[in-house]
Structures are given as structure tokens and as C-alpha cells.
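Below are two complexes that have chain A in common, paired first with chain B and then with chain C.
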Partner chain A sequence: MGGHCLWDGTLSPNDFIASADDLTKKWMAINPNLPQWTWIPCQRMDVSCNTQAEGYLALENMYQLSASEVNAPTDDENYSAEEAPFDNATLIQSYNDDMHIYDFHIVYSFSYQVPVLYFRGYRCDGHPLHLCDIEKDLPPYSSKIRNESKWTFMTQEEHPYLCCPWYTLHPCGTSDWMKLLLGGDLPSKNPDMLHYLSAWLSVVGQTVGLRIPLELHDKSI
Partner chain B sequence: MAAESPISDRKVVVHLRATGDAPILKQTKFKIAGNDNFCKVIEFLRRQLRRDTLFVYVNSAFSPNPDELVIDLYNNFGFDGKLVVNYASSMAWG
Partner chain C sequence: MELCSKEAVKYVWEGAIPLQIHLHESEVTTLPPPPPILVLGSRIGYLPLLVPLIKPHFSSTLPPGTDTVWFDYKGLPLKWYIPTGVLFDLLCAEPERPWNLTVHFRGHPGDVLTPCEGEDSVKWSYINSLKEAAYIINGNCKNVMNMSQADQLELWQSLVKGNMDGYLRISSRLKLGPLGEDCIVRSASSSAQPRQAIGEPDFTGSGRPCRIPVRLYVRNISEDLDDLEDAVPIDNWDRISYINRPVEIHKEEGHLSFKCAMKTLLPKIFFEEPLVDDHEFLREGETVGADSSYGDSETIGGSWNAQAEEIPFAGQPQVQLLKKSKIKMIRIQGIELDMDIPFFWVVNNLKNPEYFLHICVFIGTSTDQSTFR
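Right, the complex of A and B next:
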């Protein structure tokens, strides 16, 4: 490529840990009343000889008022939006029935050397949400980004540490757009690795409706 | 972009910069009402470039949420009297 930027858009495991720490502290300072990012230290079963600390960032119990109508059947696995009649007169949102809960995990991918977002949603009764339910909760621009951008698409994969299926944004395009986002156009400029995660999150957050406050990007804080 | 707005609206100068392989616009500086959302900038770019998939970001730092107000972005991240917005084409899957 020999381009104008030598950095390839990836980050090292140590930079991931440092950036995770920076994100956690800033989020706490800016959003003390919201659920907080927590570092979960752990060890992968299959791993090599990593002696450094390993873990992932978790943001859990984000409550989201669901967009689905109240008169939808709650225990029908085959329910589809087209089948239930939509009646404006009976549309009432109650906190119990229509509150959805979301968990977001940021996990480092050793193969792609970038962070990966894993997320899941569930109803208050613990019933997991399918992707089609989750998509109804998201703002319109999220669908647009997911459907149009070749850099972001959702799949269901096994969580690397929890060994159960979570939804994830595939990481194969991440280093390309992070190279643009943080790399800048000065060849001598060192990318700002400490803010890698908040920059990355500003993009992936939009695809999953996770709102990132502007102050997170203010480097003077 | 908004052509008419109340006198009390503050206008923000937005400088659109092409990065990567994105085409360069003939006119790169525009004024937009401060209380417009950032999605107006994104939509303007899409119409001008006739491309749906764009990657839009500010200051080599982050990609703004489409419903952020332009005036908030300018106040926090603008410099030299303008808000620099970079754009790139989303690459296809290889």
C-alpha cells in the first residue's frame, strides 16, 4: 500500500487495556447515573502463553423502552409484526411488559487485533430477544448504517469468554475504518491509542443504538 | 442545507474534507443552522456525492451521532471558526 499512513488501524492487547481504562473512567465522570463500564478479568480456556492481564469491558442492564405494541402475543415464538393488528387506540407502553434490557461487551480479538462488540437483549422476564426484535428498538439511522455500510454487519457468534451465543458486529472491516478515523493524513502523526475505544465506540455505538456522549471525545477532560 | 431560519439561529461553517478514495466536492465550505442535527450534514453529503454509504467523522477523533446538534459539535470540536467534517466512502467487502 505504501500509503501516507503507516499505522494499520489495529491496536495491541496492552493498548486495548489502557484504552478500556480510559473509557471506563471518562464514562464514570460524564455519566455517573447510567450503568457503568466494568472490566471483567478472565482467562480463555484455549489460550497460548499470554501472561498479561486479559479480560473484556462490560456495560450491562441498559434499559430500553421497547417499540413493540402491547397487544402482541408474548409467548409466541413465531410472532411476527405483520400478523398482529396495530391499533393506535390500545397502544399503551408499560414499564414492566415493554422494557428491554441490553448488555454490551467489548472484547479484544487476538486474530483481528481490534475490539469487537458483543451484545444481547432480553425482556424483563429473561426471555432473549431475537435480532428482529432488537432491530425494532433501534433508531432509524442504525438500520440505515447496518444495511448500507459494508463495514458493519451483525452475526451471531459464541462469546469468546462466556461460551454462549451473542450478537456481534463482525470485526473484519474495523482496522480499515479505524485507520481513517484515527490515522489522519499526516504520515508522522502517531495515532491516539488511548482514545481508540471511544473513537471506535462512536461508530459501532450508532449501529446498535448505544448513545455515546460528546464529552467522551473531548480530550481536555 | 437550510436556507431560511430565524435570525436568532446561529449558523455554523462546516468544512467538508474528502479522505481515502472519496471524491472531492467542488465547494467544500457551507453554512448550516446551528440547531440542525448532524444528519443534515450526512444527508447533504449523500445527495452531493450520490452515494449511500459514507463514513463521516470529525477531527480524527470520532463519528458524530446523527442527532447531535451542529452547534454542540462546533462549540466542542470546532476551530478556526469552522467545524471540519471528514468523509470517506465505505469500502466494499473484499
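Right, the complex of A and C next:
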């Protein structure tokens, strides 16, 4: 990426680490009472490819009220209104069941040279959420995209470090919109990569219902 | 050596593994139990594509319920999105023929295995891989995204049916190869005469390194094994390190052997030494700790725990080890390659149809306890 070249919207592994650190600090300053982003180092025992540190950024135990609770009466399949319309105990149980907990991981993709969001959700009792449960938590426009492009927007994939299925957002368009987001006003100059992850998360977080405070994108912090 | 050998590609496409598939005993509801079924699994194919052949053989004995088909080998649930040939190369250190697999139609282990919703899941997993490869090679996936629905379907159908010519006809329009030693994608017509080829103007002179899509699977086996047949079967994917990272080649490097490419992928293991059989490479000062910073053990920190357990005294934080790692074998498409073979030949001819080169590496690792400090 020479100075004369147009920036292509990608991020180097070292910039990813620096930017992750920046995001972590900003998040802590803005959201001291929420769960915090943590860098999880992953040194593969025998096969570490590079001298640079490997790992990912994790935000775990984020509570989210499901959309059904906010917008409409509960239609949880286990406690449908027809089954027990007047049982207060059941309704309270149902309320608890609607509290969903999400874990978010940001992993660097060496293929796309951009960050990729992996996430999973579960109920308070630890029971994992299926895609149909998660969909209820998504903002309406994400559900719409998901219906239109089932296989190319959000799918279950193997987590690159944990080797088990997590949900992920496909990264093939990330560099294009990051170019617009960060490089828009000064196309001939490389933007400050420290702000890459905060800017990226301000867009990606919204698609999965992770509310990002506006200040996160404020460069002065 | 020619850059691209149609003969070699044909061998890859015709490669198949004889499979003997048993129904898991928990799903047998009739007596006598159904005999196993023998099928040929294409190396470049995927296990779920065999279900239409297998299902009729077992359908009369299945318990009631809906199907979520998955396979296991000696108890290890098989990842359906890894090509069958790669699974075989990786899990059967000593090739077993026929390869005995178990099929399950019930009880999908969702915590370790992404569910497969039939052929559509496989098709989209393949197309997403193809997109990823296109991005690695060209810096964008426009050519794959802009493919017509008809071409996309025909490309997929050719792969499912093993129709190489049909596949090559459509895939050549994606302009993803063959790659020349100057790191320029050749147009298909000029591939026979690489020296005179004219590259695609899109990515000449951009100064960026050439990137090659590689999926690397590294399996640890005991150092002391002389016979791969004695390798302990894998019961957990944690024992395999999967590295999805392109090989980057700078133009000035020019001629590049397979060995050099492997060095860039696994620098710690190859070190600066030549790869010689029975030559041991020492790594000193490897820091190992059963450090809790690897994350909450409840949140699937399994891989770290499992690795830590392999090391004596792992409970002591920050133990300094002297570890010996040795490459035991490298396999691509079932072949152990000469390490001096040009890397571009390997890429152009032994890649899978989604343009990824799948490399299986067996490493012997031993820990010398006397070196603990």
C-alpha cells in the first residue's frame, strides 16, 4: 500500500492488533459498565505461522432483550399464550427465557484482510440459540437481507480458532464499504488504521443488533 | 515443466476413494442389521453428496424422525465441507481401503459440527470458498459474484457429476488461473506457452504480492512413530491445526519450490534448515503455559486445554520447553510430493475445484522433559 496507491479498504494483521487495542480502550472509556472487549491470544503450539501475535478480540456475556419482548407479546414456542394464558408463573418464566446472551468475536481474515464478526447466542440457562431464535433478535433490515440471501450474508461456520460452529457475517464486501467509510474524503491518503475496527464495528454491530455508542467513532477520544 | 498439465488435472478429477459405509448401530431398528454399502467417493467431492446413494440402502431400518445426515470415522465427526480426499489424506495416515465410515441420520452433534442442510449447504459452502479464493487471487470476487445463475448451476453440476471439461469451460471465465511464475494469471488459451503469455492487465504492475489460496491441515503424531500405521486415530478435531492463510509470493522471488512455499507457511517448523528426512529441528524457548488468559474454559476453550494436557507439567505457568518438531509427511491429493517441484506447478495442477490447494502435514513432536527449567 504505497502512498500513491488508492487505499483498498483492507487492514494488515499488525494494524488489526493495534486497532483492536484502540477499540478496547475506547469501549472501556465509553461503556465502563458493560462487558469489555478482551484480546484472546492464540499461540498454536507447533504451527504458528508468523512471528506476530495471533488471536482475536472477544466481547462476551452481552445481554440482549429479544425483539419479540420489546415489540410484541411473547410468542416463545415453549410457552405459547394458548397453553397457559393466565399462569403468571409461566409468564415470568417466559420473560426470563427471552433474555438472550450473546458472545461476539472479531477475528482477522487473512484471506480477505479484513475483520470478521463471529457470534453465538444462548439463553440464561445456557441453552444455545438456533438461527430462528437469533433472527428474532436481529433488526428488521438484517432479517430482510437474510431472507433474500440466505447463504451469502449470515451463516454458521467453523470458528477459525475454536473449531466449532459459530454464526458469522460474510466478509467479501467489507473492504469495499470500509473504503467508502474511512477513505471517502481523502481517497489518495491512507486513513488512520487505529480507527478501523471502531468504524467497522459501528456498521457491523448494527446488523446483529449490537448497539454501538456514537462516541466510539469519535476520533478525539 | 509445463505450467499446467491437463493430464495431472484429469488424475485429480478421477481420484476416488472406495468407501465402506456402515449405519450407526443406534439407528438400526431391524434384524438382521443392514450390511454396509460400498460406494466410490470422489476425492474432490463432499460426503453429503453421497447421501442420495446411501439413503435408499438404509432407509427401511431407520428409526422415526427427520434426517440430519452426518458421518464419523472411528468416532470423529467428519466436517462435511472438507473435500472427501482431504479427509482421507488427513485422517488415514496409512491409507485404509476401503475406508470404513459410519453414517448417522439422527443425533447430529451441533456443538462440534455445522449442520448440513443437504446439497444446497454444500453448494453454497463451495461457492463461498470459490469467492474467497477469487478474492485472494484477484483482490475482489467480482467474477464469481457476476456469474450468471445458469453458469453457477452448471459449474456446480459439473463438479457433482465429475464432468471436468464442463467445469473447466466455465471456470476458465473466472480468470483465476493458471498462475505463472511472474504471479500473473494466464489466460486459458496461452497457458500452453507460458513464456509468451500476456497477463491480465488488471493486476500487472500493482506491486502487490501474489497470493495463493491454501488451506493447511497440520496433524500432530507422536515423534517416536516409525510406522504411520501406528498413529493413534484422532478422536477430536483439536488435535489438528487448521490454518486458512494464503501463501504470499513477492515477484522478485521468481522461481519458487514447493519447499520454499512450505517454509513461508510453517516457518517455525521448517526453520532455516533444509528439509531432510530424519532431520530434527529444535525450537528453544517456546513458552507454554496453562494460562487462564486463554479464555473461559466454559466457553469452548477446548482446543487450548487439550493442547495443554499433552504437555507434562503444563499446570506450571510459563514452563520453558525444548521441543523437537519434525515433518513426517506432506500429502496433497494423496501424493507425497518431491519438495523441489515448482510450487506453481503444484498450485495449478493439484488444487481443488474451488481453487484452494489443500495441504495435509503430519508433524512428529516430542517433548524432552530433561530440558524443563
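By our rule, the second predicted complex is superposed on the first by the 168 of 221 C-alpha atoms of A that agree within 3 Å, B and C clash if a C-alpha of one lies under 4 Å from a C-alpha of the other, contacts with A are read in each partner's own complex, and residues count from 1 in each chain.
The definition used in the following text is that a contact is a pair of C-beta atoms (placed from the backbone, for glycine too) under 8 Å apart; a residue touches a chain by one contact, two chains touch by 3 or more.
Everything numeric in this text was worked out from a predicted model, so none of it was measured.
Report for A:Tyr112: first if it touches chain B alone, second if chain C alone, otherwise both or neither.
Touch status of A:Tyr112: second partner only.
For A:Gln206 in the superposed arrangement: first (chain B), second (chain C), both or neither?
first
So in the superposed three-chain picture, is A:Leu6 touching just chain B, just chain C, both, or none of them (first/second/both/neither)?
neither
Looking at A:Ile40 after the superposition, I want to know if it touches chain B, chain C, both of them or none. Which is it: first, second, both, neither?
In the superposition, A:Ile40 contacts chain C only.
Classify the contacts of A:His195 with the two partner chains as first (chain B alone), second (chain C alone), both, or neither.
After superposing on A, A:His195 lies in contact with chain B but is clear of chain C.
Contacts for A:Ala58 in the overlay, against chain B (first) and chain C (second): which applies, first, second, both or neither?
In the superposition, A:Ala58 touches chain C alone.
In the superposed arrangement, which partner chain does A:Glu158 touch: chain B (first), chain C (second), both, or neither?
So A:Glu158 only meets chain C here.
In the superposed view, which residues of chain A touch chain B and also chain C?
In the superposed arrangement, which is not itself an observed complex, chain A uses residues 151, 172 for both chain B and chain C.
Give every residue of chain B touching chain A within the complex, in rising order.
19-20, 39, 52-53, 55, 57, 60-68, 72-73, 76-77, 86, 88, 90-93
Enumerate the contact residues on chain C facing chain A in the complex.
By the definition above, chain C touches chain A via 79, 81, 110-115, 120, 124, 127-128, 131-132, 135-136, 139, 141, 145, 206-207, 213, 216, 218, 220, 237-238, 241-246, 265-269, 287-288, 293-296, 299-304, 307, 323, 325, 363, 365.
Would you mind writing out the residues of chain A in touch with chain B in their complex?
Interface residues on the chain A side: 139, 141, 148-151, 172-173, 176-177, 180-185, 192, 195, 198-199, 202-203, 205-206, 211-212, 214-219.
Using the touch definition from the top, list the residues of chain A that touch chain C in their complex.
Per the touch definition, chain A meets chain C at residues 2, 5, 8, 40-50, 58, 60, 103, 110-112, 128, 151-152, 155-158, 160-165, 170, 172.
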